[in-house]
């Protein structure tokens, strides 16, 4: 049975490894996009202007209320149609634009991550002590200095557990892109099952690979939390 | 209006799908909810070695995608059909609804157990001591003091978990269970009309929003001493204590 | 100074995205499913192979263009064409009126029929709605077979699967009583594979043009008339010069273009 997983032409080991690489690439590419959207959403929700507040709250509520699979289909089918319409309007004679499924996956998963992390970051920003910000202002710090030197390190510490959970969910959600034909680990597993007719072995192997990635992430996150909380006295 | 047309034509199918989604979610959450208290107590009281297999199960359920778990149960059981037939379990695994439900129950139990464990740890030790001091047996104290308070603490997190289960139910369509997502994909593959996805999104949002309202209402009913009308009136200064 | 740096960085990031690229002119992308042996499937080395794939590459050779293969799940194969992920689809797609509303088809490159498949000892001999009431019937979703079973057997318990492989798996393990599939892949499955040995073709082939359509064609976007004409011309060429027969005989014992016994062409 182990020869099923060997590298080379007869075994599926190299295909699964390639799939894992795509999975990790997808997750790592989505992280900055999702975090950026999360910060934007948190900024909108915390803003004093009503329309921005509605925009931020609307975005996080809708994204958190929809199944990720549905979001993925909407982005995959809808974004392609929208981009083509845009391209046609911009340049009616020119050739059509191409949207890779990887980018569709990054956008969809990034939107989901942004919606959830927006709420986590909002909670973190709200937990900041206003006295510290006043202190920064009183010694003449500019707003962006206050943000980088005072707000951000503390927000990082407060938000890390929540963001860590979201990262692990992101790793698992990448399995959904197999449904839109991106060659990630889940999809390569399905192909292997289709050829070898051994579903139990391969799906169990896929589960274990995801499991190892998640456990490794949990260890790394625990280490990061320890470092972020260094010097803080616990109640 | 074209956007409405698809709803007018396909609303029975979408309704069927929505009902199936609710059936899967509520049944899964209920069964997991029945299993969670005893497992949470076990998790708190039992020794480290006894806990190890359980902690392994929770780590697996939370560390692997639900999609992979469903494929494992559905197609994996198919591969072992002769053995399952021998022990009489094939009739259960033959039905895709059962396989999907099993995957959801296993997943939700793991999460609900951890949430309830957090709730149990939040019950002040003083309350349990007080219960013992007035002569309650261990079981009675559990029933009348510990568990109600633990549920009250865990209530919002449990609500979140049920909503996540409802969203995860969308995956049942990959093992031929026709929930709302499955019906939507079927309609899209026939008509290629993108608006069916928008309608599905609207229906999902309605389902989750209604559930959140019901859950919040239940929370207020269960903790009148925190959220009740009299308490609110007291806070507003309308009624004297 | 810092602001300029941020602006430059932002511009560089946007340019570096490379997410959207314009099309190259003399390269075509061929879309197929990859889960439908013997027409299009993955071998153990992970390459796309099969009758459809080889015909497609032969057509590209005759049109003197370079073709790139793109695999796409069946459910999204037509939306993928419309969204420009590839330029034409060769994936054993039946030509039907409903599909013609979304895409244009070339001339058929082979004829097809559907068939019922059941386990060898199933005892199913009648194929009417009453006889099959309550039976569990499966097909791949989004196919004409799925349309057929939903129209012809509304009282049966119908199951639809994302890929043909999964239908086969469930028929082999007994979850399904019956499945309706494309005749040639089903013949290939029951005669040439280990797991297909459980089952056999039953009943008469289904040739109702409402479901079977006018044969199996290559789908192109409705505005790509030039491509369609070029493909038709190339198809005629490979029929004439024997390339088609060579590929056909590699996979089948009969001439799938006419569905008759293979004869000297």
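A, B and C are the chain letters, set down in written order, and residue numbers restart from 1 in every chain.
To be clear about the criterion, a residue touches a chain if its C-beta (ideal position, glycine included) is under 8 Å from a C-beta of that chain, and two chains touch if they have at least 3 such contacts.
None of these values were measured; they are calculated from a predicted model.
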| Does the chain-touch network form a line, ring, star, complete graph or other? | complete
| said: Let me spell it out: compute each chain's centre from its C-alpha atoms, then which one is farthest from chain A's centre? | reply: C
| Mean-CA-position distance for chain B and chain A (Å) | 23
| For chain B and chain C, what's the span in angstrom between their mean Cα positions? | 39
| said: Using Cα averages as centroids, what's the distance between chain A and chain C in whole Å? | reply: 33
| task | Send over the residues of chain A in touch with two or more other chains. | result | 77, 81, 179, 190, 193, 197, 199
| query | In chain C, which residues are in touch with two or more of the other chains? | reply | 79, 82, 162, 169
| message | Multi-chain contacts only, two chains or more: what residues does chain B have there? | response | 75, 78-79, 174, 185, 188
| field | Contacting residues of chain A [partner chain C, same complex] | value | 9-12, 14-15, 18, 76-77, 80-81, 83-84, 94-101, 103, 179-181, 183, 190-191, 193-195, 197, 199
| task | Could you please specify the touching residues of chain C with respect to chain A in the complex? | result | 19-23, 25, 34-35, 41-46, 71-73, 76, 79-80, 82-85, 162-163, 165, 169, 194-195
| note | The residues of chain C that touch chain B in their complex are 75, 78-79, 82, 98, 102, 138, 141-142, 159-162, 166, 169-170, 172-175
| Taking the complex as given, what residues does chain A use to touch chain B? | 62, 65-70, 73-74, 77-78, 81, 168, 172-173, 175-176, 178-179, 186, 189-190, 193, 197-200, 203-204, 206-207, 210-211, 214-215, 218
| query | Once bound in the complex, which stretches of chain B touch chain A? | reply | 59-60, 62-69, 71-72, 75-76, 78-80, 163, 167-171, 174, 181, 184-185, 188, 194, 197-198, 200-201, 204-205, 208-209
